[in-house]
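My questions all concern the structure below.
Per-chain residue numbering starts at 1, and chain names A, B, C, D, E and F are given in the order in which the chains are listed.
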Amino acid sequence: DRDMAEDNTVAGVVTGLAWTPVGGDILFIESTIYPGSGKLTVTGNLGEVMKESAIIALAWIKANAHTFSIDSRIFSKFDIHIHVPEGATPKDGPSAGVTMLTALTSLLTQRKVKKNIAMTGEITLRGKVLPVGGIKEKILAAKRSGITDIILCKDNQKDIAEIEPEYIEGIRFHYVSRMGEVLDIALTDELVDEPVDFQAMMESMEVSKALSLST
Amino acid sequence: DRDMAEDNTVAGVVTGLAWTPVGGDILFIESTIYPGSGKLTVTGNLGEVMKESAIIALAWIKANAHTFSIDSRIFSKFDIHIHVPEGATPKDGPSAGVTMLTALTSLLTQRKVKKNIAMTGEITLRGKVLPVGGIKEKILAAKRSGITDIILCKDNQKDIAEIEPEYIEGIRFHYVSRMGEVLDIALTDELVDEPVDFQAMMESMEVSKALSLST
Amino acid sequence: DRDMAEDNTVAGVVTGLAWTPVGGDILFIESTIYPGSGKLTVTGNLGEVMKESAIIALAWIKANAHTFSIDSRIFSKFDIHIHVPEGATPKDGPSAGVTMLTALTSLLTQRKVKKNIAMTGEITLRGKVLPVGGIKEKILAAKRSGITDIILCKDNQKDIAEIEPEYIEGIRFHYVSRMGEVLDIALTDELVDEPVDFQAMMESMEVSKALSLST
Amino acid sequence: DRDMAEDNTVAGVVTGLAWTPVGGDILFIESTIYPGSGKLTVTGNLGEVMKESAIIALAWIKANAHTFSIDSRIFSKFDIHIHVPEGATPKDGPSAGVTMLTALTSLLTQRKVKKNIAMTGEITLRGKVLPVGGIKEKILAAKRSGITDIILCKDNQKDIAEIEPEYIEGIRFHYVSRMGEVLDIALTDELVDEPVDFQAMMESMEVSKALSLST
Amino acid sequence: DRDMAEDNTVAGVVTGLAWTPVGGDILFIESTIYPGSGKLTVTGNLGEVMKESAIIALAWIKANAHTFSIDSRIFSKFDIHIHVPEGATPKDGPSAGVTMLTALTSLLTQRKVKKNIAMTGEITLRGKVLPVGGIKEKILAAKRSGITDIILCKDNQKDIAEIEPEYIEGIRFHYVSRMGEVLDIALTDELVDEPVDFQAMMESMEVSKALSLST
Amino acid sequence: DRDMAEDNTVAGVVTGLAWTPVGGDILFIESTIYPGSGKLTVTGNLGEVMKESAIIALAWIKANAHTFSIDSRIFSKFDIHIHVPEGATPKDGPSAGVTMLTALTSLLTQRKVKKNIAMTGEITLRGKVLPVGGIKEKILAAKRSGITDIILCKDNQKDIAEIEPEYIEGIRFHYVSRMGEVLDIALTDELVDEPVDFQAMMESMEVSKALSLST
């Protein structure tokens, strides 16, 4: 029951790495956005710590919206939903932080995610990336799934050094310590096909509200 | 205590497939809509994962409303209720995802559901259909109940290959990998009898609000 | 400690049937309505499934309000309260569904409930009545309490066939499969004495709000 | 640690009767009201069923406000708080229903409660009083505390018949079956000293809101 | 780890008495107020009964605001926070009621609390003070901490009578039965230094809201 | 897996000290702020007492906003998020109070935190700093991490006196009893680079709201 890397041509979907008692696996962080009132919904049978990762990722983006040319009004005029598929499997822990951050930034900028890239790492509110566990199993799973680029915390470099070289042949490792570096590596400058036009949507939302008021 | 397929002449009701410790069964996903403020209610003695399926289905429809010519204002001016009958039986798991998706899309477009069709499969926020378990028991139950068409995830095709051919005689299988394919197969282009006219209802809601304000 | 059938001259009160470990019993579903903001309150030491029955009944009435000439604005300008007496006894299960449906429809239309009628059956969101258990005990209790008419799901007819005829002598059974049939049988066309005039109340609520705004 | 009957010269305070593992006791239901937004708060270390009694009492009064000449706007412009003293003792059960009903009606009409009266009985949403347990212990406690008048459900009359006459000498019993009878017996027609003037308060609340808006 | 009495020159801070398995202790009830929307926050690792004391104290003050010349609009335009220090220690029970009442009244009137005074007693919604336990241990702790005046419920006078006179030498006891008496004794007529000017703050809040609206 | 002191050039991030079963550690309190509606979010796998510390710190700052020249409107027009990294580790207790206070004050004033400073101590609502446990382990961890200045409660001075002098060589201890002293020591008068301009942000938020209204 093995997942394979996919073309991430849609905004808001990024590949992460998970450790499970029976070995590593890749997982997908999916996110979407639609008109609403600023609510964040998180699904996928997640524990409290993993839900907190989503909250932290969104808070960091809100506080740094100008850096990514994101119009802050989006945060109060749309709802955001993050989902981690395979609902039958409970999931927890902070290691999907970088993946959630990348998914949300892609969603809000409509920028394409790099092909065949995966990542694992805890995030913090001031923008640091922290090391996580289960690296060997995660890397082997990534390789099996066709991943060619992996983003890790610098402090996880020592875990890679302990893996037999033939197991990681052909994988490029990107070691980072800041969340900004993750986004520089993982997000391309290209927009996805048929990107959401937030400005146009907000204007049309204003118009239909005004029409209601003047009925 | 066996349920039989029914004419789905009403919008928002779709047949799913369930696995239980004593064999497969069909189940119905029922949905309805009425003036409100954008609330989603889910009943039927459901566990958290099954409730999440309903939330995911609605989020995906909200983010893809234009594809189905659904007026986005409906989501904030009506309440939606999803129910899975037989309240005495606790139910859980992600496999009703495709059924909930189809029910909600039928409800919001007022399109008729194909006759004698049933389905089972997990859904994700980016529009994928994932495989689920208990296929053999579910298929046998569907046959007993008069189902002629079944939608499954492509990754469940191997489970069908393992069933003795005489048990599945006369059933057409539709293997899909995307949620859009599910809707193409399951929803007809025909509206139900006496379809809800959302535009007329929203206009009449505006008028009665305006009358209140000018009292 | 036996309850007896009562003249249901007040709107919103209907007799149901309950199964308990020490035999059947009749129970009353009571409902009331007063100016508010669309909230539904459910009391009586009820479990989750029984609370869901109340939510389903109200949702179905909201979605079918026009059928019963109920002004939809009532649902947002009044609060509704459903209570099941004898708070010391925990109660659960879906079988009070038809009773709650009938109580709420009587409440919202101010139509009288038929005398000496009782009922038991699960309801669904699309308007079906489903069979329930404990029929023999419930029927015996109804008889002891002076009930003359009982509404049951068609699928419960077989349970009646198994009861010795002398135990059910003098009781008329009404077998139904749709919620609309329940209401046709249980509600008379006569209004209760001193019916609530929702239109007058809503107008007076508007006036007093307007007076406040113009102070 | 015995409580004694008190002059109920303040609105909203009524004496109830409680059964405890070590014998009966009297208890006080206290209620108060202040400008707010229609919230009901219930304190006193109460279980769910006892909290439901307070909700039922208030709902019944709201639905019958005109009977007691209570201005319905009070329910949305004030908050109501019900407290049952002696927070260290957990309390539960439906038997304080009549006491809560009487306390709230006194509070909202500012009518004095009869002196030296106590009561016990469950209430229902349609206005019935139901019998409760522990009658003998409750009556003995009432007598010790100086109570001279006790309101009970008619169905509890048989419990009184079983008590030795000398134990109840000098106590008048009032047997009721309707909540309106409770109020007729327990509430005098006299207002408390310095009654709250709800109309004046609401007008002054409007004025200060208008002043704010025109600043 | 012994706390000592402190000069209560700040409004809203009052000394209470606590019983613990290892003897009595003094504790402080601290309260503060700031612009908000009428929310009450209670912290300090408190159990449900102790939180209820805070709610009761505030409700009683709201219902008696005129007695203390408190402008009722304060309750909806400010938030109030009550804290009981030493977060590592769980605390519960009703005996801090009088202390919370005094703290909140001092906070809302900005009146100074009497020096070297401490108190213990349950409060009720109609203004009574009820006796509490652990009196001997509490008194000894108060003496060790430099307390000179103690407020107790009249019904606790018998507990004082049982303490050896030399242990309570130099302490003045104030026995009360009403909450108004507590405030008469514990609050001076003097305002604290730099008292909060609620009227000025509310006016400035109105002005800045008006400026926003007219932008 | 040892954390090292970091240049706190960003507002809202402060170093605290933690005790764990395997020795002391430093930890970081991170905070951030963004347009919102006055919500406080706290993440990091924290127990109830540690969450209360954040609430107390923010309440104290709100009540003393003028002292720090903080515009009170910020509290209702922005959301604040506090995070304590390393989500896999559950954390609890009141000892991060001073650290949270310093982080929030830095965030709201945009003042730089002193380099290489760490702190531990409980806070109270009236501005006191209380002693905490685990001092020896915390100090040793601070030294290993390159901390040169440590703020402690005066009542913790005796714990320092018990540590062998060579273990604390080169560390300056700052003993405090008031929260104002903590901020005097820990916050410099210098603003961080590219400080958030709250006034400009609030004006721009008003403008975009006005534009919406006049559409």
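One rule holds in what follows: a residue touches a chain if its C-beta (ideal position, glycine included) is under 8 Å from a C-beta of that chain, and two chains touch if they have at least 3 such contacts.
Remember, it's a predicted structure, so these values are computed and weren't measured experimentally.
Undergrad: Going by the stated contact rule, which chains contact chain B and chain E alike?
TA: Output, common partners of chain B and chain E: nil, no chain qualifies.
Undergrad: So which chains are sitting against chain C and chain D at once?
TA: Shared contacts of chain C and chain D: no chain.
Undergrad: Among the chains, which has its CA centre at the largest distance from chain B's?
TA: E
Undergrad: Name the chain whose C-alpha centroid is farthest from the C-alpha centroid of chain A.
TA: Most distant chain from chain A: D.
Undergrad: Looking at where chain E touches chain F, is over half of the residue numbers used by both copies, so same, or under half, so different?
TA: Chain E and chain F contact each other through largely non-matching residue numbers.
Undergrad: Could you work out how far chain D has to rotate to sit on chain E, using CA atoms and steps of 5 degrees?
TA: The C-alpha superposition of chain D onto chain E needs 60 degrees.
Undergrad: Distance between chain B and chain C based on Cα centroids, please, to the nearest Å.
TA: Here chain B and chain C have centroids separated by 29 Å.
Undergrad: I'd like the Å distance between the centres of chain B and chain D, where a centre is the mean of that chain's Cα atoms.
TA: Roughly 49 Å, centre to centre.
Undergrad: Could you give the separation in Å between the centres of chain A and chain D, each centre being the mean of its C-alpha atoms?
TA: It comes to 57 Å between the two C-alpha centres.
Undergrad: Mind pulling the chain E residues that touch 2 or more other chains?
TA: In chain E, no residue touches at least two other chains, as defined above.
Undergrad: If you connect every pair of chains that touch, what shape comes out? Choose line, ring, star, complete or other.
TA: ring
Undergrad: Provide the residue numbers of chain C that touch chain B in the complex, in ascending order.
TA: Answer in residue numbers: 48-49, 52-53, 55-56, 59-60, 62-63, 65, 72-73, 75-76, 93-94, 97, 122, 124-126, 128, 130, 206-207, 209-210.
Undergrad: Which residues of chain D touch chain E once you look at their complex with the stated criterion?
TA: Interface residues on chain D, with respect to chain E: 10, 12-13, 28, 30-36, 41, 43-45, 79, 81-83, 85-88, 208, 212, 215.
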